[in-house]
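Next, two complexes with chain A in common: one pairs it with chain B, the other with chain C.
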Partner chain A sequence: MKLIVNGTDVQVSDGINVGQLLFKRKVRLPDMVSVELNETVLQRAEFETTPLHEGDRVELLYFMGGGCGTHAV
Partner chain B sequence: MELTLSDEQIERYSRHIVLEDVGVNGQEKLLASKVLIIGAGGLGAPASLYLAAAGVGTLGLVDADQVDISNLQRQVIHHTDDIGRDKVTSAANKLRAINPDVTVREFHLRAEASNILDLINDYDFVVDGTDNFVAKFLINDACVLGNKPFSHAGILRFDGQLMTVRPGASACYRCVFNQPPPPRAVPSCSQAGVLGAVAGVVGCLQATEALKSLLGLGGLLTDTLLVWNALRMDFRKVKVKRNPRCAVCGEHPTITTLRDEAAAVCDITGKPR
Partner chain C sequence: MSALVIPGSIYRELLDQARKQAPIEACGILGGQGDRVEVFHPMTNTDHSADHFLMEPAEQFKVVRSLRAAGQRVLAIHHSHPASPSRPSVEDIRLALTPDVLYTILSLQGPANPVLKAFAICEGIVTEHPLAIDDL
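After this line comes the complex of A and B, so read on.
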């Protein structure tokens, strides 16, 4: 099936869930990313139980720090 | 109001004044405005330089650090001679030199749960130029609770992103990102690097949002995360929505007073991590 991931068409196996998509996109830690499915932000606990459907729009939003840069997180 | 522009100010701000949407009234508005910049580094440097040049009448700078040689690749407000100097002092000197119209307030301290509401209270707009997620969530929560519009931004490697939050009216940082990532899950700029000019672009975008907000001009990046990759040179606007489950601005907020995030983690798990 076709998804739109971060604005780009992506072909994936039918019926995969959000967690499987993250694995395919090499996101190894769900805590690294925020996932918006059709403009609604998912809870991280829902990744493995949320199925994806043809045409879904998925945004993988990454944490970005930056800024002052002398003291670490 | 005693604010009327002097001849010198009319010349200094002439390129603003000729803008139909700014004019003398808009420039007077800027001179009467106050912006707080938290973090005088990669983002705060360009943001504060442009806000000072623009004639924002009062700029507050918050930073507890000193200038380090590794800052100079992107934190263009600090010069080689400033190494070892407090960042707020170094930055304030440059801002005053650029524009004597600007009152610069220096806060040589770290923004924390105990002081941030007092820090932001007197300002019209807040610029988040911090480098860590605990601070970013703290600024978000404080601005939501204190009802201050602010600009959130982050940078890493060749990427940058930002959004503008109007508390109660648009999605907040926590609506989208929920809570800070666990330590070490996300690399910092010192570990992963950042192209210096990326910080400049994103900091200037934050200054632009601040000026638009102060002047009431155009459309802000509210309910929108602007995501930029410098290598592909694509800017993407990602629509975001207020999250009814948001812990600070949702329907049943659980964050009603500020705590430093480390303490909050202890409270949830019952023991320090």
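After this line comes the complex of A and C, so read on.
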């Protein structure tokens, strides 16, 4: 089936879920990724239980964070 | 290596945001094409912290979609250091996860002399990237 991932058409196996999509795309740090499915942000616990369907629009983004902390290098 | 070019008007937006939000760290996304920044999207620091920031995922998605629709992309992930130098902290490096973007840090450590620098951070290696401010 076809998905649109980060704005690009991608062919994947039928019936895969969000967690499997992250694995297939070799996402290095899946715990640090936010996922939006058809403009709805998913909770991490939903990744493995949310199936994907033909034409779904998926956005994957790494967390964007940081801070001065107390240990500047 | 081409410099990241930030128009003076956007630099002033960065400065205004950082000063208004201090002592909380301000953050946002710089978008554009090539090496030229064309837009600044201020973002919510969900940590509301003086020494940490984390962007709101829903805002991130909205901004990225908006940039894509305009033929632009994320050029830099920006934040302020209200009271420390313009250089990446250990936490900045740990959370520099997004590939192919720069990281800009605006320091207000010297309130009258703000310092904006850009960095490439790849696999934990930090390299300062040339930055030019246009039409100051």
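Just so it is clear, the second predicted complex is superposed on the first by the 62 of 73 C-alpha atoms of A that agree within 3 Å, B and C clash if a C-alpha of one lies under 4 Å from a C-alpha of the other, contacts with A are read in each partner's own complex, and residues count from 1 in each chain.
Keep in mind that, in the parts below, contacts are C-beta pairs under 8 Å (C-beta built on N, C-alpha and C of every residue); 3 or more make two chains touch, one makes a residue touch a chain.
Note that this is a predicted model, so its numbers are computed, not measured.
Colleague: Which partner does A:D31 contact after superposing on A: first (chain B), second (chain C), both, neither?
Modeller: First partner only.
Colleague: Once the structures are superposed on A, label A:G65 by its partner contacts, choosing first (chain B), second (chain C), both or neither.
Modeller: Touch status of A:G65: both partners.
Colleague: Just to be sure I read the superposition right, which of the two partners does A:V41 touch: chain B = first, chain C = second, or both, or neither?
Modeller: A:V41: touches chain B and chain C.
Colleague: State which residues of chain A lie in both footprints, the one left by chain B and the one left by chain C.
Modeller: 6-7, 29, 32, 34, 36, 39, 41, 59, 61-73
Colleague: Along chain A, where are the residues that touch chain C in the complex?
Modeller: 6-7, 29, 32, 34, 36, 39, 41, 59, 61-73
Colleague: Mind pulling up the chain B residues that touch chain A in the complex?
Modeller: Its residues touching chain A are 39-44, 63, 65-66, 68, 70-71, 74-75, 87, 128-134, 136, 153-156, 159-161, 175-178, 181-186, 188-191, 194, 199, 202, 225, 227, 236, 238-241, 243, 245.
Colleague: Help me check something: in the complex, which residues belonging to chain C touch chain A?
Modeller: Per the touch definition, chain C meets chain A at residues 25, 27, 29, 43, 47, 49, 51-55, 57-58, 60-61, 64-65, 68, 77, 79, 81-85, 87-98, 103, 126.
Colleague: Which bits of chain A are touching chain B when the two form their complex?
Modeller: 6-7, 29, 31-32, 34, 36, 39-41, 43-44, 59, 61-73
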